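Chain nomenclature is as follows: A, B, C, D and E, assigned in order of appearance, with residue numbering initiated at 1 for each chain independently.
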């Protein structure tokens, strides 16, 4: 019962994350969607580990790895955004000008 | 209720000083007394201390600062009274504030900086995402940066003449990106101060305040030796170098040892441009008020 | 009781997760995401995973702080003063999200995962530590290398000045003009490394 | 028993906050400001402005709850006590950031970002000294850390620990040399637009955090409730009070450098020092 | 469960206290202006804020992950002895290379 609740919650998080990742125009918001999907994965792992796998330590390690993936995604994603923003600065400001009209 | 207001009135009176020409040293000495507390922002104050004759150009800023003090509030003007008399008047004003009441009303009309009514399908301020004046003000726009070339928003504002970290009277128009100064011009020169304001203990106290040492700064103002750790070392080396007067750290050392500093006229905008806000404020505090005034009087700085 | 709390927290996690895409202010969006993580961490604590649960809160608070900084840096109108919708292919996305939810939910409801809960007196933190130093040692060290690669990659991609100057320059700002004197400080030298300044794009 | 402990923790927090205010000589000012007008700024983030002081208080309370008041007796008897405290520290950064972000004014905004720049790297020495304290205890629980100090306090066994943690404490309580959020050059930074009860509540929460962080330091480095003759809670209170006075004194005496330089110091000086500290503690514990 | 309840209790208590003591904020237009020492701003303060040490914050996020491994390591340190010291030493050495690289690139300052 608990496991079903947890997994349904995780599924909903993945669903919302997918919606966010697909619908958002900006790259930064897309990262939010990805993080939310990983959040769902984390919740599912915690649920499985706790209720279905008898607490085998690999489950906890898996959760840590999901968090590491989040950190890596965050660091590399934002570094890429900085690099792109710096390179295509003129374009970005142009698009801002178009939007301003 | 009565006892609460009595308890409140035993707190040091929170005073925001608006320092006029020639009164900087007087006000600094006054506010280092116990029973008075110099507020760094009008939000933290109840009493506006107007020292000296504020010139007409600074009347509107004075009204703004006055209105920013939460109610109830009282203005105390300091003409030529003795410091003891003015301290007593401030204490009286603080008791009055603690007793409650409406206090003084606003000096400026209750009008938003720009008329604004939500428009568009989402109630935004104007056309597009960055347009219009949402809540009465436009939004900051991107512009070139002078450090790392990442063009983000530039925030332009006029700071002063009653900013506690700037010399009294000085108005700087500053363009910030993050907290780095991209552009700075002197709008109004600081008020002239007598030679007393260049006294080493007062100058040292101004720098110590910026270093987070309010207690030692009060001691320095009272002519005692300030007790602090890492006072000179906390000032980064090479900051605000001026020909013949060393850098900010050297000047603080000299003031702490009681030697006055005379600096040749520096160009203020050139010194501040490109500095971080905290560094810029340290640079300004590390120059004697007379030197800053001389620098602002030269034509190319204006 | 635990079931009820877990269900409530799951609803919290989902609700705050949904708010992320529904608020105008980027700061609110990011910290809404953080609350979603906190709820997941709390579920972890309830499900006898104290370390993973609390550490999730710990790590995510920090990560979301950094995320908020970058969201505000690069999003137009970061505080949502001009509310606007910034979505595209809205229907498709909703469809995909709903489809993913129902597909996975059906799979969950149909499949019956084995019930094998953690022993109530298990010392899960010690087990994790032994696992890290024992069988999973390679994963642990690989994670180290991966993080190193991330650090180096992030620095290379996002830092600009680093490629020119060495660390002993301290916090000296670059020149105001190309190759000019450094701003604000030390008129002597220091601008030499910054010839590329101002030439972006 | 739980209710009694909860009351003890609450009482400690209240009395400790009052004591902190007295040390700071700000108790009367805080009382005075609770009664004054609370000024609204232009288009603020009202929700976050009102909640930031509440979160700060929550974190102070949660942090104090993991502290054992007698050997083997803590309100939150968690196997991961120091991780809970670590989360509190991380959330303090978020809270201070929100406090500075919410008024929509330049000085608070600068203060908030400065605090983020300093608060994040400050987490590293903090976590290293707490992990070092967990080594001899073979547990992340603060109760076990107290037990491990029966023979010798951590302040002697791990000499670098307390000094490093005091720096963290100054940052957590926005004080003196680490007070980058509320610095004088930005007109008290994140608090520059806080007035009336909002300002007073923020100051109260800041003092409550001082109680919490001192109690943690007393537990981790000074043996917490351990001591001869007097009962456990009294020892904890005495040690906490002494550390509070020390932190206030340090905050009033040490100068604050510029944020850019402090960040450099944190990474280049204090982080290697905490590595060294961990190595020493590890070798001693073996 | 108790842990969770107590922390939730603190949150509820603090929020209720804040609601009790915080009156509704109100102001006239001149009162609401941001404090600039009497000066006026051109724009809203909320902006795409140029956070100077952004590279540092990215490096920090990656480096900080090491904590996740260190906490469980600390629990078994004495049990595993010198092996644990060696493994964590290697792990931290690997990560320190990243920090040294960052330092060399000058990211620990305002960019």
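What we mean here is this: a residue touches a chain if its C-beta (ideal position, glycine included) is under 8 Å from a C-beta of that chain, and two chains touch if they have at least 3 such contacts.
The model shown is predicted, which means the values in this text are computed figures rather than measured ones.
Participant: Using the touch definition from the top, how many steps at minimum link subunit A to subunit B?
Facilitator: The least step count works out to 1.
Participant: Applying the touch definition from the top, give me the chains sitting in contact with each of subunit B and subunit E.
Facilitator: Joint contacts, listed by label: A, C, D.
Participant: Count the C-beta contact pairs for A-C and for A-E, then tell me which is higher.
Facilitator: A-C
Participant: Can you name the chain that lies farthest from subunit A, using the mean of each chain's Cα atoms as its centre?
Facilitator: Farthest by centroid: B.
Participant: Please list the single chain whose C-alpha centre lies closest to the global protein C-alpha centre.
Facilitator: E
Participant: Between subunit A and subunit D, what's the gap in Å when you average each chain's C-alpha atoms?
Facilitator: About 31 Å, centre to centre.
Participant: How many angstrom lie between the CA centroids of subunit C and subunit E, rounded to a whole number?
Facilitator: Subunit C and subunit E have C-alpha centres separated by 12 Å.
Participant: Mind checking the centre-to-centre distance between subunit B and subunit D? Centres are C-alpha means, answer in whole Å.
Facilitator: 30
Participant: Give the residues of subunit D that touch two or more other chains, as numbers and ranges in rising order.
Facilitator: 37-39, 42-43, 78, 80, 83-84, 86, 101, 104, 106-107, 113, 116, 120, 123, 139-140, 187, 192-193, 196, 258-261, 264
Participant: Give me the residues of subunit B that touch two or more other chains.
Facilitator: Residue numbers touching two or more other chains: 41, 43, 68, 70, 128-131, 134-137, 139, 141-142, 147-152, 155, 157, 163-165, 178-180, 236, 276, 279.
Participant: Check each residue of subunit A and list the ones that touch at least two other chains.
Facilitator: 64, 67-68, 71-72, 74-75, 78-79, 82, 85-86, 89, 96, 99
Participant: Which pairs of chains touch each other in this structure?
Facilitator: Between chains, contact exists in these pairs: A-B, A-C, A-E, B-C, B-D, B-E, C-D, C-E, D-E.
Participant: What residues on subunit C touch subunit D, complex-wise?
Facilitator: 25, 27-28, 31, 34, 50-51, 54-55, 57-58, 61-62, 64-66, 68-69, 79, 81, 123, 125, 170-171
Participant: For the complex, give me every residue of subunit E touching subunit B.
Facilitator: Its residues touching subunit B are 28-31, 33, 35-52, 110-111.
Participant: Please give the residue numbers of subunit B that touch subunit A in the complex, ascending.
Facilitator: Those in contact with subunit A are residues 127-131, 141-142, 149-151.
Participant: Tell me, which parts of subunit D touch subunit E in their complex?
Facilitator: Within the complex, subunit D touches subunit E at residues 2, 6, 34, 37-44, 46, 49-51, 53-55, 57-58, 61-62, 65, 75-78, 80, 82-84, 86, 101, 103-109, 113, 116-117, 120-121, 123-124, 127, 131, 134-136, 138-140, 187, 192-193, 196-198, 200-201, 259-261, 263-264, 266-268, 271, 275, 279, 282-283, 285-286.
Participant: Going by the contact rule at the top, pick out the subunit A residues touching subunit C in the complex.
Facilitator: On the subunit A side, the touching residues are 1-9, 11-20, 22-26, 28-29, 31-33, 35-36, 39, 42-43, 46-55, 57-58, 60-61, 63-65, 67-68, 70-72, 74-76, 78-83, 85-91, 96, 99.
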